[in-house]
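The next block holds one structure in the form of structure tokens; read it before the comments.
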Amino acid sequence: MSSDLATPATRKDASAAKSSGAREPVWRRAARWETGLVAVLIGVLLWASIKSPTFTDPSTAFYFGVNTGYIAVMALPMTFVVMTGEIDLSVASMLGLSASMVGYLWHHGWNIWAAFAVALLVGVVGGALNGVLVARFGLPSIAVTIGTLTLFRGLAEVLLGSLTIPTIGDRQFPQWLTNIGVNSIPGTQVSWSMLIFIVLAVIFGVVLHLMPLGRAMVAVGLQPEAAQFAGIRVKRMKFWLFVLSGLMSAFAGILVTLQQASVSYNVGNGLELTVVAIVLFGGVSIFGGRGTILGVVLSVAIVGSLQMALTQLNVSSDKQNIVTGVLLLISVIVPNGGEALRRAREFVRRRAAHEPG
Amino acid sequence: GSTSNKNGGSSSNPAGGSAGSSSGGASGAVKQGLKVYFIPKDTQNPYEVLADKGGQKALSELGGSVTVSSGTTDTAAAQQPSIQAAIQAHADAIVIAANDPAALCPSLNTAARQGIQIVAFDSDIQCGSNPNHLFINQADTKTIGTSEVDLLAKQINSQGEIAILSAAASATNQNAWIKYMKEQLKKYPKMKLVSTVYGNDDPATSLTVLQGLLSAYPNLKGIISPTTVGISTAAQYLDTHKDVAKRVTLTGLGLPSEMRKYVTDGTVQSFELWNPSDLGYLAGYAAASLASGTPMQAGSTFQSGSLNKTYTMQQGDGELSVVLGPPTVFDKTNIDQFNF
Amino acid sequence: MSAVTVPKADGGVVLTLLRAREIGIALLIALVVLVTALHNSHFVDSNSVQQLLSGAALIALLGVGETLVIITRNVDLSVGSVLGLSAYVVGDLFKYHHIPVWSGFVIGTLVGVAAGTLNGFIVTALRVPSLVVTLGMLYVIRGIDGVIVNGDRIDPESIPNAFTAVGYRTLFGIPWLAIIVAVLVAVAGFAMRSFRASRDLYAIGSNPDAAALAGVPIQRRVFSAFLISGTLAGFAGALFLALHTQIDNSGGIGYELSVVAAVVVGGVAIFGGSGTVVGAALGALLLNTINQALVASRISAFWNQAIAGALLLAAIAFDRWLSLRVTKSLRSAEGAHREL
Amino acid sequence: MATPARLVLEGATKRFGSVVALGEGAITLYPGEAHALVGENGAGKSTLVKILGGVYRPDSGTLTIDGTPVEFGGPADAQAAGVAIIYQEPSLFPDLTVAENIFMGRQPLGTWRRIDRRAMERRSREIFTRLGVQLDPSRPARGLSVADQQIVEIAKALSFNAQVFVMDEPTAALTTVEVLRLFDVIKTLREHGTAVLFISHRLEEVYACCQRVTIMRDGRFVRSVGVAEISIDEIIRSMVGRDLEALFPKTETAPDEVVLDVQGLTTEGVFHDISFSVRAGEIVALAGLVGAGRSEVARAIFGVDRRDAGTVRVSGRALANGDARAAMAAGVALVPEDRRQQGLVMDLGIDQNVALASMAKLRRGGLIFRSSERKLAATWAERLQLKYGRLRNPVSTLSGGNQQKVVLGKWLARAPRLLIIDEPTRGIDVGTKAEVHRILDGLVSEGTAVLMISSELPEVLGMADRVIVLREGRITAELSRAEADENSIMRAATGQNAEIAV
């Protein structure tokens, strides 16, 4: 992007930052949001334990992991991408493409590890395509990734068409691998995909909050031009973050393939908005530069356990949708609500002061 | 698939006998207070809603209860939590219309291992023997495929180019029917299937691909749309484009209530379906019966309440299934008698 | 030291023409149509052209509102849900309350007004990012729709013919639907050029701080943009019902991304400040044309989505290339006039 | 004065959290006068201007226009009251045409309240003619140079027919000729009875165009006098509150080995065949008019822009093209011209900004801790005498001069071998200016090579050991300290004999 009159920085000033906490240190804002999330999480867990007799069943933890683990894995690179002020809407399609690639190769007699390797490579290539278009050609990521969302899903359809792998007569996927969808880690109720997510979350958290790369991402998200002048390779960073996002989505595709022990091309359809919702609810600013991995982890925990509890209570999925939407709205309204109230009060005061005069 | 086939085949006779002696084939043997989870493709699909209501009716007749649970999107992932909830609630049976033939197998297998009976309806699962399950077939899969081709053939004098307007490319039931349509078409050498297009059960997409189809194949004589959204969208198009309606004949699977207008005004001559409510009702009875100890194997029988029929499980298509009955063909003469 | 007229600076006539994005997109559409028609002359049959237009009409209409919102550096992801809700509410009233035909359009629009008001209020009064707000509203409105629909479905026979006529009637071979939308696009296009309030929208998106300094009532204008977007989505819901003549809970699912794609392809800058509603409408037409052309070219259905995605990327890239050329020509024009 | 005041602001205060931006602001403007407002960076001038413009609502204080007390609810109210403002930061709409930028919100209307574009462009052209510039009103504002942006800002304010005309540092980016033209315009405005408030850090301009001057210090009104009654030194003393040491401290040093060697540097359409070198212990100034391409040369050397041709060597090692990281590793630092966009991440704390370029140094076992960032920042804040509240406060809360010090600290923390500094004192008050100059002088004494870009001739003449003059992207002269004077530089910069009058 050129150094034109209106840069992203002024955009941020105008919308998000101008309100409440712009002048406050980042960590204090974040800390407060995370505190709120912890409170919400505790509230949800308490409420669910009281309301739903089966919520305290140990298997809930396992199911929670199975249902949310692979989505959460995509939320991590998405956090990085959003931190730098971009967005990747192609993650769910990449998940589908990678899974379809595994299925396609498996169907054609490949070794499972070779199939995984190719699927991950597809993730890297797809991510690189996003990266090139966004970082090198300067195209807006929201538009590019809507395009690749269609493209990747389309390629998955080309690969598998109407097939579900394994088809009748195919080999089954190796059972010791597909067991990750059925069995928890021995001696615990933690699913494998959740363990993977937790390990990754620690790594991503360290990178974001304690490493130069993380600092650089924050700077890029807040003010790309200034970051560039500080020697940060903005384009290169964005490129690699999209590659990372592609890779992790492909990995999530492998996870989901194993959990379901099968693949169709439409696996993970529509998950992109779920991933974005999780990241945003975790307190990551859509304008970039603000957010924590802890927030995203808490968000995963809240969204996942709410879904478990509501399904157990047989709350209709439409009402669950409403809950998801309301959570998102709360995530932006609460931090800004105080400021809005203050503005409203001032407005009323001014009105009142004007009227007699 | 093949192992289960063999097992089922070899053990069918003695097991059938024992089933007969233990349960006596009477619905009176059904346990009270059964908990059955109905997991439709999504909670809003009107067709599935009718089926669920049928299931509810069945279980309330039998003194049990039905929980309907699913997502809002037609994905396997959205059905997963419902299966888990059923497991955790120690349900007696799960009746599922699977969004994916295989993706739910691991979860369903877990459920089966906890003693939950698995019944599939509308769209079958392909899990081999993990778990064993009973498929409530709306009509014999092969019959649906062949009869639709026959229906169309009758109307276009068995000749000309035809096409299929399906739902999503990955829809299991659609693909199963299409397979048999293709087989049946071999009997009509003058009818040529030129294309299969996918409208994703979205009316707008269906319209776009339909028009694309019509311009790609100007000599198209017939369209089979084995999906309710597809056939009604196509019917509306033909209804408003009489020039096209004159040369193109439409048939497939549709709901009488959606199609009545077009059959009455002659745009569509005939199409098929079964009563979705009966389908759910039968599934409910099957699930209750299995949960009450009827063994899941070929030859087992169970009563079906107001359907007034004793159904026998059969090993067909490599899967254990019962067939609701032949599909009803709707046309001008009978369409007013149906209100679903 | 003469006044520099920018267009002459670089690239000549072609670039000047292309600078009006609309012409570039129109050329692309012409290209797609031409290439397809060379393949298959039936692609330009009147039926096919009618479907090209009416298939794009709803997305184009939503695109008008979306353009207004995006120009102000916001985005409205709730349009698909609003359309679905509006369509169902209208259908429900036709079916169960037999409301007069005209009121269908009014009520549909009012549903949109309510949603737009809510979006606009949250975004402007609370000053929160619209992407998050409208993503939340996408879920909330779809959920409310589900609660209202509750598995029901509105059938074609419940909807008055006079209402559905809007969906299929033509005037001089052009679908009413397309005419209605074209008129709205033209009016909006004219207004966006000609009135102070609409220029304010561009100012806000181009540089919000400067807009505030210039005394532009930012919050009021952004509110209006959301209100208009909601209103048009509501109206589009009524048209959706007229076109498809039936509705359940699934109307408009996923439209938000199609609309954003159309708008972006139509040359509206996703970060605000520039773009036209005419461009957005043409963007919608281009995408629909591509989809229909793929089927008409007899390309295997499995390839459709992949090719559509690739073409979408190509269109975005082409647009970027164009605007880079334009910026470059502006740069080289600059400086030439500076007095030393 | 006998005439009644046009505008009176009294006892205005404004605080931002704990920062008191304006403690006791006051100004009185009379019709037909040009009134200067001066003060150090952060004295509160812009804050006062924003109060006049209705951007900020004062916490207390009264504003009277033509004897009537007024309260502005927003910029629109101020405009309606006849107050036109040119803000310090250009605020244009890049996507809109120049004419629309000028008339935003006040576009001339035709029938049916339609915007009359033709009238709008005609009137824009008229204003440009008055300003003596040629700008196409129908071109988009995107791509305008900083100077042209400023011209559009001025045109915007002129289009108001305002009673009160406020200009916050309008000349910072203008060439001499344009400044003179602006003074003419101000004169015409005065003759029509407009009150003009003029803010500038170039005190000679104050004498050239204003009748009275108001001095502010630390957010407070200090005094208001006629310019004839006060000397520059006195103004400075009132601004700074103390006597000022030399503005251009200059220690003579013997230049050492070549640190930067540039050969044949070219970027198509911007600059051509630039070759020069900078030695350790010397300051080389790049002079030239705004738009000559000096900043672009600096950016290409540092590697934030790619070059089309040429080599850049630092201490004999060639730098990769377009790789700022490599340049930094080789010991190059660049203090860019636009500190708000390029120099600083405005929403990050002072500490993180200072540390941003020193990540490698601060890393402990691959990790960065906030405490080490803060320690580094504290060191430099003290050395540079930074005025701040807390180190974790966002730099956006600092005044311009202090922001510049943060940028300096950020790069000096890397102990660079070569410091490129672009407009080191643009928009900086005289007090801080002297400090910055002293810092530069200190660096050079320690053996750092400095490449300085400056549009202020006194600064170039006062600080540089050698001056390289650019005109339209080409080197037109290389002058030693002895050869360099206003005339020789301007001749090289303009390619003609130019009288410098200001």
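Order as written gives the chain letters A, B, C and D; numbering starts at 1 within each chain.
Keep in mind that, in the parts below, a contact is a pair of C-beta atoms (placed from the backbone, for glycine too) under 8 Å apart; a residue touches a chain by one contact, two chains touch by 3 or more.
Note that the structure is a prediction, hence the values are computed from the model and not measured.
Between the interfaces A-B and A-C, more contacting C-beta pairs are found at A-C. In terms of the distance between Cα centroids, chain D is separated most widely from B.
Between chain B and chain C the centroid-to-centroid distance comes to 38 Å (mean Cα coordinates, whole Å).
Computed from the mean C-alpha positions, the centre of chain A lies at a distance of 27 Å from the centre of chain C. Work out the mean CA point of chain B and of chain D, and you get 74 Å between them. Residue positions of chain A with contacts to 2 or more other chains are 5-6, 13, 157, 161, 270, 316-318, 320-321.
Residue numbers of chain D whose C-beta contacts span two or more other chains: 92-94, 142-144. Shown for chain C are the residues in touch with two or more other chains, namely 142, 146, 206-207, 209-210, 212, 249, 254, 269, 273, 302, 304, 327. By the document's touch criterion, interfaces exist between A-B, A-C, A-D, B-C, C-D.
For chain B in complex with chain C, the touching residues are 43-46, 48-49, 52, 72, 169, 195-198, 201-205, 207-209, 211-218, 232-233, 236, 239-241, 243-244, 255, 257-258, 260-262. If you check the complex, the residues on chain A that touch chain B are 54, 57, 59-60, 63, 66-67, 157, 160-162, 164-166, 168-169, 172, 178, 181-182, 256, 259-271, 307-308, 311-312, 314, 316-318, 320-321.
Residues of chain C touching chain A in their complex: 73, 122, 125-129, 131-133, 135-147, 206-210, 212, 249, 254, 257, 260-261, 264, 269-273, 302-310, 312-313, 316-317, 320, 327.
Of all the residues in chain A, the ones that touch chain C in their complex are 2, 5-6, 8, 10-11, 13-16, 18-19, 89, 133, 137-140, 142-144, 146-155, 157-158, 161, 270, 273, 276-277, 280, 285-287, 316-329, 331-333, 336-337, 339-340, 344.
Every residue of chain C that touches chain B in the complex is listed here, in rising order: 40, 42-43, 45, 47-48, 51-52, 55, 58, 142, 146, 149, 151-153, 155-157, 167-168, 243-246, 248-251, 253-254, 288, 291-298, 301-302, 304.
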